[in-house]
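Okay, so chain A shows up in both of these, paired with chain B first and chain C after.
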Partner chain A sequence: MTSPALPARAPARRFQNLYLRTWQALWVLPLPAWLLFFFAVPLGLLVAISFWSVVNYRLTPDATLSAWRYVLGLDFLWASFWRSYGLSLASAVAISLLAFPASYAMAFVAAPRQRLVLLGLAIAPFFTSYLVRIYSWQVFLAEGGVISSIIQAFGGKGESLLNTYFALFLGHATLALPVVLILQTIALANVDRTGISAAANLGARPGAILFRVILPAARPGLALGLLFAFLLSYAEFVSAAYLGGGAFQTLPILVTDLVRAGQQWPRAAVVSLLMIASLLATALATVLWAYREKG
Partner chain B sequence: MMTNPHLKMQGLAKSYGTFVAVEDFSLDIAEGEFIAIMGPSGCGKTTTLRMLAGLETANRGEITLAGTRIDQLPVWERKTPLVWQSLALFPFMTVRENVEFGLKMHGVSRAERRRRADDWLERLGISDYADRNVARLSGGQRQRVALARSLVLEPKVLLLDEPLSALDAHMAIKMQGELKKLQRELGITFVYVTHSHSEAFSLADRVVIMNAGRVEQIGSPQDIFLRPRSKFVAQFVGGISLLEGKISGKKDDEWFLETRDGKVRLGHGCGLAEGETADLAEGETADLAVRADRISVTVGSGWGENEIACTLVSEEFAGAVVNLHLETASGRSLVAQLQQRDLEQLDASIGARVYASWHPDDGFLLESARTSGSEPRERAA
Partner chain C sequence: MPPHQKHSLPKAFWIAGLAVVFLLLYAPIVSAVLFSFSADRFPSLEISGFSTQWYAQVLTDRAILEALWNSLTVAGLTALIASALGFAAAYADYRFRFFGQKAVLALALLPPTVPLVILGLAMLAFFSRIGIAGTLMAVVAAHVVIAAPFAMAVCRLRLAQLDTELEIAAQNLGAEPHSALIRIVLPHTLPAILAAVLITFAVSFDEYVIAWFTGGLNQTIPVAVLTTLQGQVDPTIHVIGTLSFSMTLTLVLIALAVVLNQSGGRMSKEET
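== the complex of A and B ==
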């Protein structure tokens, strides 16, 4: 009975292999498609446009370096670049530091169920539009707004807080703080608790445990939080325009200025490519540092 | 008996809400003694160790180490390093940094801690890996790093929580030998928590058997193996057959136990020789224990004085010896351990009628119902 049944199983096995491969292919296929449509094609287009020219306010396919020459020759380009980079880095560090105590509390003080509720509250702001949240800040920060009225009530001058770095930072924090909270909390919650007990057992006090064990163990997640805060702040346009006003010409502001001034898409493309290059370099450096291993 | 105990635990108790983890733990340990605490999972052995380390705060009780009371000290001031079941090495540090960690925390200078760490790496044969990441070491090497990390602090007592359970069997046996050697050389006290009989019996000077938060028995490995005091210990140690019955009267200066499977004589093993018969009371319920290797199994009857008719239920091959599981007419299970050679001469198949017999002197009575009432208790989660 058994031996005649054997040959019949070979096609069945072949079918099973085919079935499993099809199943895997279904999951793998979207990956190159997404990369193509959301990364390779837009980037290629951006590179191509940077060599085009603008004739009579119309974008015309070309192979000229004039946009590159113009942008790299702008005397305020590098000033804008470093301003953007510096401001976003400052925001990212400040946001990470602000988020850390809350993340620590959620990871080490709150019970797992409480942690879920708190994280839910942290991402609740995402339910409203970012634009709406930035406009609300304007109401608070403008002259005669909520904050200046309070300061005036106490006899202060109560000047507008708009167009200051503080206002810009509030915008960055509104965007990035929830993301940083989540990344930090997950990173801290995954730190091996036995390792923490082991450190205490070897004589480490709570402060030493934080700096010598928890922070190094959570480093990849904390670095990722810092990186995301930086990426979001760096490419941020809305609060740079509405809260920072004209006071800070960041690269995203420069891009819109270039487009507005005579449909200079090629020049805007060059600035965008500079931004992408610096972002990629920063991201790569951060990830390498975060996942660096000893020995 | 111990005039000046080195490590003294007195009446330790710990509960979490209504769950009692440790009920009343007292133990005096001499300097340089190797103590194993053993019991089924959830018996409170790890909680006891964690109270020693200061990772749990006892609800009641005192701990003194070398004359100093330590139970009030925070964990980082205890100086009772623990070797963890999971090792708990720091993956973001090299081997040497792991070993230096405790010294750094105690404010030892850079040069001094480097020297002391390197000494221990050398001693445990892992100097070659000093600058490696701990994640790249084998199980045995990681085990040595964990030991070095604790021992470099030159503690008075080393705590070990199932330290060998992560290793494969071969490596675990090798490390067992090394641990024992190390402990003898250093002369420091080891408190070793394990659920493994072989580890506890081969390593320890004294073994503490715990069950459901209470100490069942403290004694040398031989003591516990040969003379379990309670039903729980007898069952936990294994290889012991228990017969329940009523003590019956003196006839020609002899005592008997009336079991449901017949009357058996009690011998010297029950303390009868030393004139302790006063302890025995006519009609009292008692448990008679007989070690599996002292029970003979025969096909015909009349081979021994104490003999019970049984059915052969199953055979369990265990290398040089074979365990025969027998069932008496009243449904009681007995275990007999036979040499392979003896089994070949026993002409009985599964289900056959056989006779289990033993010399009266090989049986011993467990302590009265006070302790023997404790079956391995199921714990509330």
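== the complex of A and C ==
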């Protein structure tokens, strides 16, 4: 505690200390207290529920592994798990690659003022009516929708693009692009410019500068962008449901189905915990890779 | 990058990159606005005429107005509580050294990384045990959890620009802790607090998974949209979208202007 040293006599000082401690607690405690009660306790309860049982459609406290055994033994759960994981990973890589040229432009080409405006415009959609934007994509992609009309005008067949991986990817990109753009731009803007100039003066070609100087220096931030794109895509269930049209049964859809259709709380809890475990493992691996010493 | 130097990425490449990214981000928004004024029920490129009939339909729909009122209540309360908690945590982290500081920070940044479906599930289980499931207050309690980290981050960034010594000096000269806070810290952080209120409002106003799980019969606007998505083509979604876009985009752009302006767009030391 960095309480200022106060020249005072002992009783006055003790009172002063108590006052400062209370004052400090007033600022330190509220947020952790709220998060413990409304975040940590509910998640803890979810862990407990995974060991409970369902008797006559009622959730009953218990200490059984039956939900774990049941879920881990399901073939379609593992199929769904790998599908979710693979699709989100593919989306994360594609979104990162897609965002990179734009982030590069914002970091290296735009003047500080321009960068401000561009970044603001890139982040703003993150906070605006995601569902309506997904509905818009539905309108774009459906048969007779905007994209298929354009394709037909050029003599194509113009089939519906819904229920394809492309549609799902658009949904993921709509969600994650703003976050990836800001993380990449910050990472690139912080790359040491003298290193780039030095490489150029020594006659390095632009491509070599990009791959040997800029990318290694920006690696932690770029990896963080990739991780967040993965996190967001992995957790997302609206585009899988409405753009993927049920062709892609992912884990979040499985969780909602288990609860809403069958009251299978313990099983839903097990699937949720699997998701969290795989997320943590992925995050850990990414962070270790991002900060690995150059070898 | 010095102006004489060649860019590592060809110009055509990054111009195309910017164009594609902004097209992806804004095409759905622009299309929702355009189709909200279309006279047709089914959105297609052959728009037969201009009409405000869907607006009339939305603004006279009792269910939607009720959802709007629910959304405003939830988002307003969430914004106030989350910003207050976020500021307190940011100030504590900036001003004091205390036991478990790193752990508190980690706990505060955790909620945005947990999938909303899982949070919604856990919170529904918890809220039904303590008997508040299906109320708007349950939604507020949950939204504060996911919104407060944003508020904390915004306030902490602003506080980082304030010299810690200033407040300690004031206290050493005999100022009470609260008067240093009121006279020095609060005025300095005010823009960030305002930004935090706007951003947390937007986060709550747009959140649908937790609101859907824990709100019960009390629908908010995005939950109403979600329910409509499951049904037929409905042009009123474009209207609701246009109204929400104009509101949240305004809030967020004001907030971003406040936050980003502090840095003047500079992100690395070399540019300062």
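For this structure, a couple of remarks:
Going forward, the second predicted complex is superposed on the first by the 253 of 295 C-alpha atoms of A that agree within 3 Å, B and C clash if a C-alpha of one lies under 4 Å from a C-alpha of the other, contacts with A are read in each partner's own complex, and residues count from 1 in each chain.
Criterion: contacts are C-beta pairs under 8 Å (C-beta built on N, C-alpha and C of every residue); 3 or more make two chains touch, one makes a residue touch a chain.
All values reported here derive from a predicted model rather than from experimental measurement.
With the two structures aligned on chain A, chain B fits next to chain C without clashing. Of the two partner chains placed around the shared chain by superposition, chain C is the only one that A:F237 touches, whereas chain B remains out of contact. By the touch criterion defined above, A:P125 lies against chain C but remains apart from chain B after alignment on the C-alpha atoms of chain A. Residue contacts after overlaying the shared chain place A:L18 against neither chain B nor chain C. Looking at the shared chain after the overlay, A:G203 reaches chain B, while chain C stays out of its contact range.
Using the contact criterion defined above for the overlaid structures, shared-chain residue A:A79 touches neither chain B nor chain C, since it reaches no partner.
When the two structures are aligned on the shared chain, A:G195 is found in touch with chain B, with no touch to chain C. Remark: in the superposition on chain A the angle formed at chain A by the CA centres of chain B and chain C amounts to 90 degrees, rounded in steps of 10.
Counting residues of chain A touched by each partner, chain B versus chain C, the larger count belongs to C.
The superposed three-chain arrangement places the nearest Cα atoms of chain B and chain C 7 Å from each other. Contacts of chain A with chain B, set against its contacts with chain C after fitting on chain A, overlap at residues 192, 194, 197, 200. Chain A makes touch with chain B in their complex at residues 192, 194-195, 197-205, 208, 212-213, 216-217, 219, 293-295. Interface residues of chain A, counted against chain C in their complex, comprise 1-2, 4, 20, 23-24, 26-28, 30-32, 34-36, 38-43, 45-46, 49, 98-102, 104-109, 111-116, 118-125, 127-137, 139-140, 144-146, 149-150, 170, 173-174, 177-178, 181, 185-186, 189-194, 196-197, 200, 206-207, 209-210, 214, 231, 234-235, 237-238, 242, 252, 255-256, 259, 265, 268-269, 272, 275-276, 279, 283. Remark: chain C residues 1-2, 5-9, 13-18, 20-22, 24-29, 31-32, 35, 42-45, 84-86, 88-89, 91-92, 95-98, 104, 107-108, 110-111, 113-119, 121-126, 129, 141-142, 144-145, 148, 152, 168, 171-172, 177-178, 199, 202-203, 206, 208-209, 222, 225-226, 229, 237-238, 240-241, 244-245, 248-249, 251-253, 256-257, 260-261, 264-268, 270-271 touch chain A in the complex. Residues 53-55, 75-82, 84, 86, 88-95, 97, 101-102, 104-106, 131-136, 149-150, 153 of chain B touch chain A in their complex.
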